[in-house]
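This is the structure I want to talk about, given as structure tokens.
Chains: A, B, C, D, E and F, in written order; residue numbering restarts at 1 for each.
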Amino acid sequence: MSKIKKFMYVNRRAPYGTVYALESLEVVLIGAAFDQDVSLAFIGDGVYQLKSDQDSSDSDQKNFSPIYQALGDYDVSKLYVEKESLEERGLTLEELMPLTYEDEDDDWAEKDSIRVVSRDEMAELMDQQDVLFNF
Amino acid sequence: MKFAIQINEGPYQHQATDTAYHFTKSALEKGHEVSRVFFYHDGVYNSSRITTPPQDDRHIVNRWAELAEAHSLDMVVCVAAAQRRGVVDDGEAERNGKDATNIHPAFRISGLGQLIEAAVEADRLMVFGD
Amino acid sequence: MSILHTVNKSPFEKNSLDECLTHSTDGCAILLLEDGVYAAMQGTNVESAVKDAMASKKVYALGPDIKLRGLSTDRIIDGIEVVDFAGFVDLSESNDKVQAWL
Amino acid sequence: MKFAIQINEGPYQHQATDTAYHFTKSALEKGHEVSRVFFYHDGVYNSSRITTPPQDDRHIVNRWAELAEAHSLDMVVCVAAAQRRGVVDDGEAERNGKDATNIHPAFRISGLGQLIEAAVEADRLMVFGD
Amino acid sequence: MSKIKKFMYVNRRAPYGTVYALESLEVVLIGAAFDQDVSLAFIGDGVYQLKSDQDSSDSDQKNFSPIYQALGDYDVSKLYVEKESLEERGLTLEELMPLTYEDEDDDWAEKDSIRVVSRDEMAELMDQQDVLFNF
Amino acid sequence: MSILHTVNKSPFEKNSLDECLTHSTDGCAILLLEDGVYAAMQGTNVESAVKDAMASKKVYALGPDIKLRGLSTDRIIDGIEVVDFAGFVDLSESNDKVQAWL
């Protein structure tokens, strides 16, 4: 485990209809202990994972969206959200959960974890990775 | 070259595990190393020793077990996914008070760290799913 | 001889909604549930297809699934009726049969 | 009104079985009859008594069992689908030489004819799947 | 089990990638013993189930396409295939398996089981059923 | 830094191929397998999208899956290379990483 690898978790599924989003997040949390260079991509229906106001009070599935808000504490601070995917779904950045982290290189200033990127930029980001995780 | 394999779906319902099997077998035949096969999500069902497919059909569980035997494959079933889905070994049965086990001895139950570790150490991570 | 059609997949991921809309006849009922509820929202790429269907078909969406996903009932397409599971049962009763577009 | 229910997917991986459960519960509460719940494809995994979901999560298997107990539901697991996937009762274990069973006693294993019969006799067939 | 019901098995999935086509066919075979008015619909990727020349000699999944050819012997003789679904996939009727049955009302003359119908006709046929099976 | 993209779903049922094509860069490799091989055939509604992609990307299809589904290699889009599992392994080796569009 010498070299630090660039790990990207690619999220393309809506939450709740299937378990992939939740169990993928469990991998991210465990993976955070491994000191790799981690980022998350939200493409297609994956952007729905970050929708604010998820509410399980009328359901019995667990609302797991608070876990995304804890990612900053695990040093997972690069969440790339695709602009076109938001637009196709009529969503704006303001409708996503506000996710932040404290930047240790900048006197622990609180910064946004979500970075909206274009589809072309997303494709470039994927090209730059060492490992792509798919669920 | 060193491969790590991840399988997200169970046997028979999806072709994913068939594809993963043939990829793994082919990689081994070409002299590559397969450092770990990690069963996640419904993939954990691939490890049940009490399956009985029709006689004229492939036996997906035994096929994995035989490949592992021949090549000393490390086949790991995710513990969290296995608990949710009723894949149980002796240790889990004792811990959770279950009166039966169903895992095939060719597989072992362990944590998600085994997937991360495999991805860190391997040259390629191959994911097979739905 | 009316059908209750159910659609439980996201219209962006799978063709279920599209196949439902092209195989349902005037006067039928369509219930969006699970990840299918995303099709009930305003401003999406499929909004016009859903609105076109609503000219001759009645569209419903399952409330608990909308809420679970953080979608606001204020942002649902006008005319789509939100129902709970009791309403789902009623729709199954008031239509003659059910076609699940899995 | 008499409903028959068919479930095509296993627990936790897909929401289908959650939806089916809430539909069934709601129909019963409204005074309807649910003549049979038939578990097909990966749906057979809903009947495993050795599942251990996280403590803060719903227990899908026990939930079905409790509903069946309260309403004398007939919950049938397809034998062919169950054999392929390792869902086993005492009879199947003996017939196929398996050393363990995993089915919950609230469920019974039977043939596909039970699905057809239920569809013939019920006023509505409801299918829940992926 | 007094009244004969109109049962339609709706096939919308390609074979082999998932088990639904095969396990659905197992239901049709068992159901044939129940004396209902049975038909099969092939919509979308379901039309691929009837493609001729399926060949498992390089695979280990079983080629189950011969079972469709046996359906006529089980008195399952109404297989509705959607014209638009064929066209979107670049398929013609000639590329499907020839499926026939012997018509007992017509001196056991051999007739085609496959009936190509338009999407609108398919929708009408679905409306006329008592039970729709989905897998 | 080239990627091998894999697509295992029918382009008519799911959006996997579409998302693959819009997120892959020039010079990459795309392998169609399982139900994904239907996209390799001539005369379909997605043929032009696949051909457009082939101007800058190399497309492969898995032979055993083509044969299993009764598709003829004569009817595959010109320029798509048919590989077996050994070829799949080689593609995984010759590209730096793999993105599975599940």
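Everything that follows uses one rule, which is that a residue touches a chain if its C-beta (ideal position, glycine included) is under 8 Å from a C-beta of that chain, and two chains touch if they have at least 3 such contacts.
None of these values were measured; they are calculated from a predicted model.
Novice: Relative to chain A, which chain has the most distant C-alpha mean position?
Specialist: Ranked by distance of C-alpha centres from chain A, the top chain is E.
Novice: With chain centres taken as the means of their Cα atoms, state the distance from chain D to chain E in Å.
Specialist: 27
Novice: Centroid from C-alpha atoms only, then distance chain C to chain F, rounded to Å. What do you get?
Specialist: 33
Novice: Where the CA atoms of chain A average out and where those of chain D average out, how many Å apart are those spots?
Specialist: 35
Novice: Among the residues of chain C, pick out those that touch two or more other chains and give their numbers.
Specialist: Residues 8, 12-13, 15, 34-35, 64, 84, 97-98, 100, 102 of chain C touch two or more partner chains.
Novice: What residues in chain D touch two or more of the other chains?
Specialist: In chain D, 8, 12-13, 15, 41, 57, 80, 125, 127, 129-130 touch at least two other chains.
Novice: If I count partner chains per residue in chain E, which residues reach a count of at least 2?
Specialist: Residue numbers touching two or more other chains: 16-19, 44, 59, 61, 131-132, 134-135.
Novice: Kindly provide every pair of chains that touch.
Specialist: Contacting pairs: A-B, A-C, A-D, A-F, B-D, B-E, B-F, C-D, C-E, C-F, D-E, E-F.
Novice: Can you list the residues on chain B that touch chain D in the complex?
Specialist: Against chain D, chain B makes touches at 10-13, 41-42, 45, 48-54, 57, 61, 80, 83-86, 88, 92-93, 96, 98-102.
Novice: In the complex formed with chain F, which residues of chain E make contact?
Specialist: Residues 13-18, 44-45, 48, 51-59, 61, 63, 65, 88-91.
Novice: Of all residues in chain E, which touch chain B in the complex?
Specialist: 16-19, 59-62
Novice: How about chain F: which of its residues touch chain C in the complex?
Specialist: 12-15
Novice: Write out the stretch or stretches of chain B touching chain E in their complex.
Specialist: Listed in rising order, the residues of chain B that touch chain E are 12-15, 18, 56-58, 130.
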